[in-house]
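Letters are used for the chains, namely A, B and C, taken in the order the chains are written, and counting of residues starts over at 1 for each.
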Amino acid sequence: MNAAVLAVRNFVSARLVVGGAALAFLILLAITAPWISPHDPLEQDFLLQYVPPYWLAGGNPAFPLGTDNLGRDILSRFIWGARPAMEVMVLGASFSCIFGVSAGLLAGYLGGRTDSIVSRTIDVFMSFPPILLAIVLVALVGPGLGTVIMAVVLIGWTRFARVIRGEVLVLREQDYVTAARLLGYSPGRIVFRELLPNVLPIILALLSLEMGHAIVVEAVLAFIGFSSSEVATWGGIIADGRNYLNQAWWIMAFPMLAILTAVMALSFVADGLRSATDPVVRR
Amino acid sequence: MLEAIGISVALPDRSRKPLFGKPPLLPILRDIDLRVAAGETVGLVGESGSGKSTLGRTFLRLYQPQSGQVIFEGRDLAALSERELRVARLRIQMIFQDSNSSLNPRQRLIDILSAPYLAHGIAEGRGANRLAIDLLERVGLTAAQVNRYPRELSGGQRQRVGIARALALKPTFVVADEIVSGLDVSVQAQILVLLRQLRSEDRLGMIFISHDLSVVRSLCDHVAVLQHGRIVESGSCASVFAHPQHPYTRALLRAIPLPTVDRHWLDGELKTAD
Amino acid sequence: MSPPLLEISNLRLEIRSPARISPILRGINLSLLRGQIRGLVGESGGGKTMVGKAIMGLLPANAKITAGSIRFDDQELIGMPDSMHRRLLGRRISMILQQPSSALNPVLRIETQMVDVLRRHMGLGRAVSRRRALELLDAVQIRAPDKVLRQFPHELSGGMCQRVVIAIAFALEPSLIIADEPTTALDVTIQFQILKLIRDLQRKTGVGVLFITHDLGVVAKLCDEVSVIFGGRILEEGSAEAVFASPSHPYTSALIAASPRHDQPERGLHPIPPELIARLWEETAFSDREYADA
């Protein structure tokens, strides 16, 4: 069997495919929102309040998922809500990753003072209740998507830092690292060329999981009103819908489903990536 | 000339670390004197716990001795600045025992072997690759294997790469730490033949660490026997093997099963100390 | 003449993976008589470990025996129901492996493990088992058996652990012991003592031993009979004297020549000629094709 085909076969697993597909779908939604959204998410029509989803009695095919208390189309808000979710997910998790991995690499490889400082900082950040951190941040900077991203980064970087630090502590004792030192490679080269490729699989898995966390953080912050209020966000929709649970359960239901799907998809992707890059080679 | 004078090394004993503070130091090597002249090969023999690996790494300044000096090219390694040490280090290299971690599993052979040239600005891009291929061919591998990963190679092939890596920057001394242990006997012989050839081509001084006296005999001019962190016997291979003085050396020689049938070899005891 | 203790005939085994099927054993023939020590010697990849595992029924999930038979004391082991096989293992066939840690449970004291084995297989009471355990530790030359019984495996050195493993192996008075590289991980002076111990115990109890190793020297000093394995086939077999003094297969002579000897420095280094290895693999491939066509 062709080596390339085998490599792809070994890489791809059911989890990766399902998770990846779901994720791709959500990202596609976010990107194509302006074109595929049937209505303007902000357009209000008081004559069309609380319209149920089209498959229930009283439903209207023009509003497939129903409308909310202000007559806004849920489907459109849902689709547009994917945008901030994906934005926070990608930007928040990426910056979290960059920041956390750098800290972990430095602390793990340099050891000594640097390690002590970074580790204590991690301890401090980890002991802060995340929501409290977010609230403090909003108080300082004001609400909005940017703040949410900042909150995600501040909450999430410690996860990366801790894990990567632990990995590097082990890896730096390997013979090939000793060889690199003896060959006079600069610490920068050792960290980026020798160590980083070996922690990449873990970083990818952590990144996927962190993206899931980011979505949840965004939803929670939107729920408590700290996110952007002009744009439709899933958390915001859930918050709005909370008050109308009895009359219009569908307002809360669909964004919740979206969040659930996104987080599960990311979890699958993380799992699939982890087993795909596992050093145990299946021959 | 590479020389150790009065070297004593103690390493932290993590298993007895107290709750607060540093772990106590466990003495590994005591009062070691060892000299390797240019172009000469000294075998360092001992069983597990003898400290032979620690001694090899101390020569490379990977461990700091509690007392004593390592003199290289007439200068005490401890007295060198960071930069001077880095430069001096390039002339003493190490070949490691074959394991999953002797070569970076995520790098192809071309990456592993071109890195020394790239890192020191000796060559770039194509030039570095060319040098890497030359290195590879020098140790008996082919240019076709240049894009392979270490896991695709056999133990013997990996060791050849390890040797190539150590020789990339043209060192004058090499410490070989159990480099043929764990290899099949046939592969072992091939590696030793290669080493002999490279050694004479480059006029390398070598410290050859091994637990196998037969292998040491086939490669070394001099031998030092280590027991519990002390050198109990040393001298030229010819004299030590022909007339071992210390009971431990005699026990080591006696204990090696040679491929000749002898129904009475296992009779009698083995005395390893005075 | 009584039948051999162990008789392997035409054993064929392959490893199956999604990508391909690899033959590992290609028609192994091997027999071990009672009271004999037979060395199975070969280099890595030769298949010797698989032979041991096949006898013990410890093959990995992807390994399949495709032909041949393994008869122990005139009972066919292949196809034997697992429960029967397990009863044989431990009671009549014992094993000594390379890493004592794989045989000893790291979280149980030595006493617990030994007593457990004795009680389970021989139905002895606790006090009787403990006394027997002390006797066994004494028989393997452990000087403070009382103390050792109370210790955990990680508190013992490699050599001591291996002695305990040997004690357990002999505990149930087996007829056959499979030793797979039992001294490879040990220092050479400890190896000497362990080999001596195995030989002395074997002489005392008359147990049959299949000693699997890559070390020709060990085979020469310990074994009565030798089988040389390469590419899943036995290339040569005979008494140790005959095989070492005048090997009939070029692979055997090449292997002997490649082993360095500290008592013959003038001999130089003799790696096995690559042409010989190439030829042997050709012959292996040829025999594969013949078998496939048949």
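Descriptive notes on the structure:
Going forward, a residue touches a chain if its C-beta (ideal position, glycine included) is under 8 Å from a C-beta of that chain, and two chains touch if they have at least 3 such contacts.
Not measured: the values here are computed from a predicted model.
Once CA atoms are averaged chain by chain and compared with the all-protein CA average, the nearest chain turns out to be B. Seen from the Cα centre of chain C, the chain whose own Cα centre is farthest off is A. Pairwise, the chains sharing the most contacting C-beta pairs are B-C.
Taking each chain's centre as the mean of its C-alpha atoms, chain A lies 54 Å from chain C.
Averaged C-alpha coordinates put the centre of chain B at 32 Å from the centre of chain C. Centroid to centroid, with C-alpha atoms defining each point, chain A and chain B lie 48 Å apart. Counting only residues that touch two or more partner chains, chain B has none. Against chain C, the residues of chain B that register as touching in their complex are 47-48, 155, 184-190, 192-193, 196, 211-218, 237-238, 241, 251-262, 265-266, 270, 272. Residues 174-176, 178-180, 182-186, 189, 193-194, 197-198, 200, 279, 281 of chain A are the ones that touch chain B when the two sit in their complex. Chain C contributes residues 43-44, 158, 187-193, 195-196, 199, 214-222, 240-241, 244-245, 254-256, 258-263, 265, 268-272, 277 to its touches with chain B in the complex.
Contact residues on chain B toward chain A in their complex (touch as defined above): 60, 62, 86-87, 89-90, 92-94, 96-97, 99, 101-107, 115-116, 119-120, 151, 162, 165-166, 168-169.
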